[in-house]
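Inspection log for the structure reproduced underneath, given as C-alpha cells.
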Amino acid sequence: ARAQDTIKVGILHSLSGTMAISETTLKDVMLMLIEEQNKKGGVLGKKLEPVVVDPASNWPLFAEKARELLSKDKVAAVFGCWTSVSRKSVLPVFEELNGILFYPVQYEGEESSRNVFYTGAAPNQQAIPAVDYLLANEKVERWVLAGTDYVYPRTTNKILEAYLKGKGVKAEDIMVNYTPFGHSDWQSIVSDIKKFGSAGKKTAVVSTINGDANVPFYKELGNQGVKAQDIPVVAFSVGEEELAGVDTKPLLGHLAAWNYFQSVDTPENADFIKKWQAFTKNPKRVTNDPMEAHVIGFNMWVKAVEKAGTVASDAVIDSLIGVTVPNLSGGYSAMMPNHHISKPVLIGEVQENGQFEIVSQTPGLVVGDEWSDFLPDSKSLISDWRAPMSCGNFNTATGKCGGKGS
Amino acid sequence: MPRALRLWAAMLLVVAATAATLSGALAADLKPLVRNLGAGGFADTEAAIAALAQTGDPAVVPVLQALEAGDLYVRKEDREVVRGSASNGGYTLTDPLGGAALGEAGRGAVDKIRINNSLRRAISAALGSLTLMSPDAGARRAAADSVFKTRNPDGLAALETALGRENDPAVRSIMEQARAAILLTAAGTPDADRLGAIETIRARGDQESLALLNAVRSAEGASAAVRAAADKAFEAVEMRLSLWGMAQNLWYGLSLGSVLLLAAIGLAVTFGVMGVINMAHGEMVMIGAYATFLVQDAIRTYAPGLFDASILIAIPVAFLVSGAVGVLIERTVIRWLYGRPLETLLATWGLSLVLQQAVRSIFGPTNREVGAPSWMSGSFELGGLVITHGRLWIVIFAFLVFGLLLVALKRTWFGLAIRAVTQNRNMASAMGIRTARMDALTFGLGSGIAGLAGVALSQIDNVSPNLGQSYIIDSFMVVVFGGVGNLWGTLVGALALGTVNKFLEPYAGAVLGKILVLIFIILFIQRRPRGLFALKGRAVEA
Amino acid sequence: MSAENTLLYVDGVSVSFDGFRALNSLSLIIGPGEMRAIIGPNGAGKTTMMDVITGKTRPNTGTILFEGGTDLTRMDEAAIANLGIGRKFQRPTVFENHTVWDNLELALKNPRKTWSALAYGMNPKDRARIEEILDITRLSPRRERLAGSLSHGEKQWLEIGMLLAQDPKLLLVDEPVAGMTDAETEQTAHLLKTIAGTRSVIVVEHDMVFVRELGVKVTVLHEGSVLAEGSLDSVSANRQVIDVYLGR
Amino acid sequence: MLTRFLLLGLDKRAGVLLTVLAVLAVAVPVMALAVPPDSPFHLPMHSVSLLGKYLSFALLALALDLVWGYCGILSLGHAAFFTLGGYAMGMYLMRQIGPRGVYGHPELPDFMVFLNWKELPWYWQGFDQFWFAALMVLAVPGLLAFAFGWFAFRSRVTGVYLSIITQAMTFALLLAFFRNDMGFGGNNGLTDFKEILGYDIQAPATRVGLFVATVAALAAGYMVASSLVASKLGKVLVAVRDAESRVRFLGYSVERYKLFVWTLSACMAGVAGALYVPQVGIINPSEFAPAASIEAVIWVAVGGRGTLAGAVLGAVLVNYGKTYFTAALPELWLFALGGLFVLVTLFLPKGILGLAADRFRKREPAAAVPAAASKGA
Amino acid sequence: MLDVQSVNLHYGAAQALRGVSLKAEVGKVTCLLGRNGVGKSSLLRAIVGLKPVSGGTIRWDGGDITKLAPYERARRGIAYVAQGREIFPLLTVRENLLTGYAPLPRAQRSIPEEVFELFPVLKSMLDRRGGDLSGGQQQQLAIGRALVTRPRLLVLDEPTEGIQPSIIKDIGRAISYLRDRGGMAILLVEQYYEFARDLADDWAVMERGEVMLAGSRHGLDESEVRKYLTV
C-alpha cells in the first residue's frame, strides 16, 4: 500500500568500474531532476522516488539490475546505460517486462525498440554534420578515422566512409585506425597521424576514441605539437567532463560535435548550470551533452505521464511520441515516432578554459535517424512505433515489418 | 663608390622610404581595417586579416597577435575593436594599434572576437610574411616555417629580401627551404631553379619534403630532368625517413618500456622481493598520481609561481604518501599473512576495491587535471627523431628510480636484511634482524616507488580512480617476464616488452600488436619457465 | 669396462655450475645386488652424483646406463624412477600435508598412470606392506599424523620408509643416519644390509661407524672424481683420504 | 568401477551439499511456478535466474578449486574457459534467432549484417545444432586447456609464472574477442536470444528448466570432483601441490596428472559458462577480463581453498553479496565487499569452510611448519 | 647463565615439552641428548624465541626473556644454529655471514677470522649462493654465521649432521676453544654420542618432552644415558 504513495524511477548507471567516470554524473543529474520535480509537487500528485543501483560497468549485471528494477522495485521508468553493450544487454529485459528506458548517449543507431527512448544523438545528428563542417570550413581532403575497437566507432566509421566516398574522397585518403579500450600509449599512432597529415593535403582526424583513452590521446597530441590549425581533431565522445582531466592549452581549436555544450548561451542553460552547480555544491562542476539528454528525456517522461494520467508503460509509451519539451540550446526537442528525438547539432572548438566555443550550429533541428541511409542493409528500414505500423524495423522495400526477410 | 656599396645604399634607401611611408601615411588607414575585424562572421574576419596582411605594415603584428590570443573585443556602443585584458569583473581596454588606454568596460559592454581554426591559420600565414624581418630570431624562424607551410608565391619577394639580410644560419636554411618550396610549387619557375630547390628540399629530408617532392614528381609538364632529380631526391628522403622511422620506433619502445618499468618496479619490491601478490599495487600508483594532483592544486591556488616546480615537489610527497599508505596496509593486514602468499592476493584485492572507492568518494569519479610544467611540454627534434620532453624526462626518471632502488637493495644493509627476511623470516629474526620493521619498511618502499610511478603517469594518463587498474596486469607481466626477484629482469623485461610492442604496432595495429605481445610472453615463458633472468641452481629448486 | 652385467654404469660424467666443476669425469660401476658406500669431503659431489643419476641434473658430458642399456641421461625424473631407481634425499623431503600413511601409500609400488591412480583401491596386500614398513620405521604410532608435524629424525625415517615402499632395484641413500642415535644407526645399517643382495644400494654417509658396520666396498669422492676405492680399512689408510676427509 | 569411483566422494559434507541441491531442484520450480504470486512462499522469476547464475558461478569455482586447491595451479585465467563455453552456447542461441533479427537476415546474426558480412564464417557452421554446440561447450575449452597445459606443464612452468601466463591467455582472448573482425560480435558480444531447444528463453518454465539443469550440472560436477580428490589421484595432486619435484622421484609423471585435472577443470568451467549464458542473456568479451578470473579465485578463497563445498559456498555468497550490496549500498558496496575480503583473510584464514573444518577435525592439528612457512611465493 | 624453568610447549593441541628445566652456564658446554622426536629442537626453539612457550620461564643473564622476540634475544647475545641449516638460500655466502651483523653495534661489524680458520671452504665460496652449497658446506656456513654475531650463548642443534669427519673434529676443537676462551655458554643438542660426551661439561637427557636425567660430566653414567638413547 505504501508503494502507491510514490512513483519509483530507476537509475541504472555505473557508479564503479571503468564507466563510473562518465556515468556517475548522470546519476547525479537524475537525482537533481527528481528532487526538482518533487519540489514542484511530483507527478500526478505523487512524489517521485529514485531507485539507484550500481551495475558496476559489468554488462550482464546491467541486465540483472534492470530486471531487479522492473520486477522487484516496479519502477515506472528507468534512466540509464551509457555503452552500447549495456543497452544491448538490458534490451531484452525491457522488452520482456515491458519497461521504459531512456538512453541518453550518442550511439551507432541501427536499433529501435518499443521500450527504449533514445535521447542521445544518432550518427546523423553528430557525425555527418561534423564531417560536413570540416569539408566546408576546413577544406579537409584527407581523413583519419580513429576509434576504439567497438561497435559505435565501427559503425560510425563505416557510415562516414560511405559518406565521404560519396563526396569523392579517395580510398587512399582515408586512414582507419582502431585501438583497444583504455589504450594509453599513443606515441606511434599520433606520429602516424602526423605522417599521414603531412602529405600536402589538408587532413583532419575524426575521433571516436572512447572514454579513458582520450586523455592520454590528447596529452600526446599536445606534446607532439599537433595543432588544430594543421590537423584538427573532431571528437564525438569528448565533452566538457573529459576535458576537465587535461590541460587544454595545447588543444586549442580541436573540435567536438554534440547537441549541447555548456557554453550554449541561453537563459535555460544558464539556469540549468546554476542549479547543477548548486546541487553538486561545486561552482566549477561542468555540464555536458548526455546530461542534457537526460534533462530532455526526463521532462518528456513527466509530460507524457501527465498526458496519459498514469505511469502504466503502454499508455506512457504511446503518449511519449510527439511530446515536445524545451532543450537547453534554445529550441524544442520532440520525441519522434522512431523513439529518437530532434536536436540541433553544434560544433565547438576547444578553448583554453576547457569549454567549447560554438563555431557552427545547424539552422534547424535534426531528426535522429535510427537506420542509417549509408549502410546497405538498413537503407530501406524505418521505424514507426505509432499504431497501426508499430514496428521498429519496417522494410519500405518489401512493405513488411521485421527487417528484410519474413 | 664601388658597385656593391652603391647597391647597398640604394637598397637601404628604398627600405627606409617604404617603412616611413607605411608607418606615417598609412597609420590612419589601418584603423578601418582593424575595425573590420569585428565586422561579423568568421568569413568577414578572415577577409579583414587578409587586408591587414596586405598592408605589410609591421604595426599590424601586435593586432594580429592579440587576435590570435583572443584578446580583441568589439565595444558594443561604437563597434570599435579594442584590446582587452581581464581586470576584476570587467576589462581594461587599450587601442590595439597604438596601445593607448581606452578605459574600463564591464563584462557585458564588449563582445569577444571569436576565432576558429581557419582564422588561426590565416593569422599565422599573415604573421609569417610580416615577421620575416623581426629582430627576434625565434619569430623569424617561426615566420619562415609558416611560409614554408603556406608556400604562398606572393610572399616570395618578401622572403628574398629577408634572406638577403639574414645572418643566423639556422633561420637562413629554413628560409631557403621555404624559398625552395615556393619555387617548386609556383608555376613557371625555370628548371635550373627547380633543380636547386629540389636539392634544398632533399637536404631538409622530412615528411613534408617527401610530400613536396612527390608533388613535383607527379606534376604535369615537369621536364624529364626535374622529374628524375625529384625521383632521386624522393627516394633518398624516403630512405632517410625509414631509417629515422626505425630509430623513432626504438625511442617509442624505450619510452613505453620506461613507463612499464616505472609501473612495475614498485611491484618488483612488494611482489618480487617480498612475495606478496600485491593486487593493490595499482592503487598505490593511483594514490601517487592523486598526490601529484593535490600538490599541483595547492600550488595553483597558493603559489602559482611555483607551478613549474610542482612535479618536482610532488615526487617526494607522492613517495611519502603512497609509502605511508603502504606501511599502514602492511601493519594492519599484510603482516598477518606472511607465509601464506596466496592469501595476500585475496586481501590486497579487497584493499584495492576499498582504495578505489575511497578515492572515488573523496575526489569524485571523474578525471583530475594534472598539468605539465613548461619543461615537460612540447618536443624537440634530434635528427629525424621527434622526442617529447615529457617522455624524455619519464625515461630519465625511470632509470633514476631503478638505479636508486638497485643500490638500496644490493648495496645497503637494509637491502640485505630485507632479502634475508623474505627468504627465511624465522631465521632472520633469530639472527637479530627486526623482521617486523623490515617488512613494514620494504612494503612502504615498494608502495612509495609505486607512488613515484603515479607522478610520472599523471603526465601521460588519466588521473582517475581507475588509473591503477590499467597498469596492474602489465606490471605483473613485466615482473614475471623478467624473472621474479630480479631487478635487472624487471628492467630488461619492461624495455623488451615496450620495444616489441612498439615494433609490432605499426604492422599489426595496436590491438593485434598487444595480442601478439601476450602470445610472445606465453611462448617465452615456455622456453624460460622462470623468466628472463631466471635464478638457477639448487638454491631455487630446493 | 663394459656396461654388460652392471646395474648402473657411470662413465666420464662431468657437471659444472657456472664454471665450477662439481663432477669431474666421474666413473662408477655398481653390479646387481651390490651395496656401495660413498664417502668424501663436503662438496665432493656425492649429492650431485645422485642428482645426475636420478635425472635432476643433466650432465655436461658422460654416459649413465642402467641395466646395461638404458641411457638415463635422456630421461626425466619420473621415467627414471619408474625404471626402479629410488632415492632418499639428504635433506628429508616428505609430503607435509599428507599423513604418514598416505605418504607411504603414494610411494608404494603400483602403476603410476593417471587412470590407475583414479581407479586405485587399497588392497590387503598393500595394506599389509604399509603396516610392515611402519613397523620397520617405528612410525606406527604416527601413522595418522601429517608428515609436516614430524620431528627431523622422524622425517628421515619416513623417507626411508617411502624408499622401501617404492621397492626399487637401485636405492640411492643420501646420509640416512644423520640425526639418528647410535642405536638407530646400527639398525639402519642392518636394514640396508638385508635389502642388499636382492637390490643394489648406494649409500652416502659421513658416519664412519655406520660405514664400517655396512662392511662393503667404499668409494671415496674428491672434487668430483674418484679418489680411492676399496675396503674401508684400505681407504682409511690412504694418506690423501686422511688429509682431505678423515683428518687426524 | 564408475560407481565405486563416484562413491569415493560421498562423505558427510558431500551429503549435505547434494541434499541442499536436491532440495533446490525441487523447491525452486514449485515455489516459482506452482505457488501463487501473492503467497509469501512465491519465488519471483528473476530470483530463479539469479540463483541459476550463482550456481553456474559455483560450478566455475568448483572447477577452479580442483586445480588450485588440490593441485596448486593458481589459474588467473579460468574465466577464459568459462567464457569460451559461454560463447559456444551463445553461438547456438544466436543461430536459433534465425530470421527474427532486426535486419531479418535468415542466417546471419545482426552484428554481421551490419558490418556487411556476406556469409556465415566457417567457425559458425554447425552451431545451429544443439548437440554440436553442446559438444563444443566441452571441446573448445578442453582443447585450449589441453594445448596450453601440454606446453606449459611440459616446460615445467609453475607458480606465479603459470598464473601470469594464464592471465596473459585470457587477456589475449579478451582483446581478440573485442575485435569486431573476429566475428563474435565485438564488444557487444552475443545477446537478444530468443529460444533454446525450441522453448522461449524468457518463458518461466524455460527459466526454471535452465535452473534445474544448472543444479544437476553442479551436482554432477561436485560428485566427479569430490570422488577425484578422494581417490589416489587426488592424493597425488595434493602431493604435487606441496612438493612437485618429490612426486617425480616417486615415478609419477607430474605433467600428465596436471594436464588431466587442468583439462577436466576447463571442461567443467566451459559447462558452467554454457549454463550461465542463457540465464543472464548475454555473453561478451568482458567476461574474459583478467579481473573476472581473479574474482573467481576470490570466491574460492573466501569459501575455503581446498574444500570443494567451500568453493561452491564462496561463489554463491560473494555473488549474492554483490547483488545485494550493489542495490542496497550502490555507492559504498565496494567498501563492503572489499572489506569483507580483507576480514575473511584475516580472521578466517582457511575460508569459511576452513573454519568449520578446523572445528570438527578429529585429527591432530595441521602443521604450521616453520620451514614451509619460509618458502614464500 | 641460561635458566629454563618448567617450560611447557605445544604444537596446536599436542604437547611437545612438559615442565622442562635446564641450566646452561657460561664457560661450559651443556649437552642435550635424546631420541628422535623427544623435543630437543622444540626446547631450543623456545630458548631462541622462535616458538612461544605455553608455560614456564626462560632467564638469561639474570633477565627474563620468556616473552622477548627472537631478534631481541639475539641482541642479548643468543645465537642459534638450527637443525636443517636454515641458511638463506639466495644470499651469497658472504651475505649470509653478513646477516650476523644485525645485533652488533657498528664498531664490531666484521667477520671474525676464526670463522674462516675453522671453515676454510667458506672463504673460497664467498660469492656462491648459500643454497647452492652442499649439505655439509651449508652446515658449516650456519655455524660460521652464528659466530659472526659474537654470541654469549651459542645454541647448536645437531651441528655435526652431514659434516665430514675431519671437520667434525675441528668443530669439536672449536667448541672447546670457545668454551675455554670464556664468556660463552654453549648449549649443544647432539645425536653423535661420542662427540657429545667428549665435549660436555654438563648434560641432560630428554624423553617424551621431559628431562629425565641431568648432571655434570663427572656424574655421567654412560649406561644409564644409553638406555634413553636406544630404542
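Chains here go by letter, A, B, C, D and E, matching the order in which they are written, and residues are numbered from 1 within each.
Quick note on the criterion: contacts are C-beta pairs under 8 Å (C-beta built on N, C-alpha and C of every residue); 3 or more make two chains touch, one makes a residue touch a chain.
Remember, predicted model here, so these are calculated numbers, not experimental data.
Counted as hops between touching chains, the shortest connection from chain A to chain D is 1. The interface holding more C-beta pairs in contact, when A-B is weighed against B-E, is A-B.
Set against the C-alpha centre of chain C, every other chain centre is closer than that of A.
Chain D has its Cα centroid nearest to the centroid of all protein Cα atoms in the structure. For the pair chain A and chain E, the distance between mean C-alpha positions equals 75 Å. The centroid of the Cα atoms in chain C and the matching centroid in chain E are 29 Å apart. Here the CA centre of chain D is 52 Å from the CA centre of chain E. Once the centre of each chain is set as its mean CA position, chain B and chain D turn out to be 45 Å apart.
Shared interface positions of chain D, defined as residues touching 2 or more other chains, are 175, 178-179, 245, 331, 334, 364-367, 370, 372, 374. Multi-chain contact residues of chain C, defined as those touching 2 or more other chains: 17, 56, 91, 149. In chain E, the positions touching at least two other chains are 11, 14, 50, 84, 86, 132. Here chain C touches chain D in the complex through residues 54, 56, 76-79, 81-82, 86-87, 89, 93-99, 102, 105-107, 112-114, 117-121, 144-146, 148-149, 162, 166, going by the rule given at the top.
Looking at the complex, you find that chain D touches chain C at residues 1, 4-5, 228, 231-233, 235-236, 238-239, 241-243, 245-254, 256-257, 260, 363-367, 369, 372.
Interface of chain E with chain C (complex): residues 11, 14, 35-37, 41, 83-85, 121, 128, 132-137, 139-140, 158, 161-170, 191-193, 226, 229-231. Only residues 44-46, 49-50, 53, 99-106, 110-111, 113-116, 175, 178-180, 186-189, 191-193, 202, 280-282, 284, 286-287, 323, 326-327, 330-331, 333-334 of chain D touch chain A when the two sit together in their complex. Of all residues in chain B, only 413, 416-417, 419-420, 423-424, 426-435, 485, 535, 537-540, 542 touch chain E in the complex they form.
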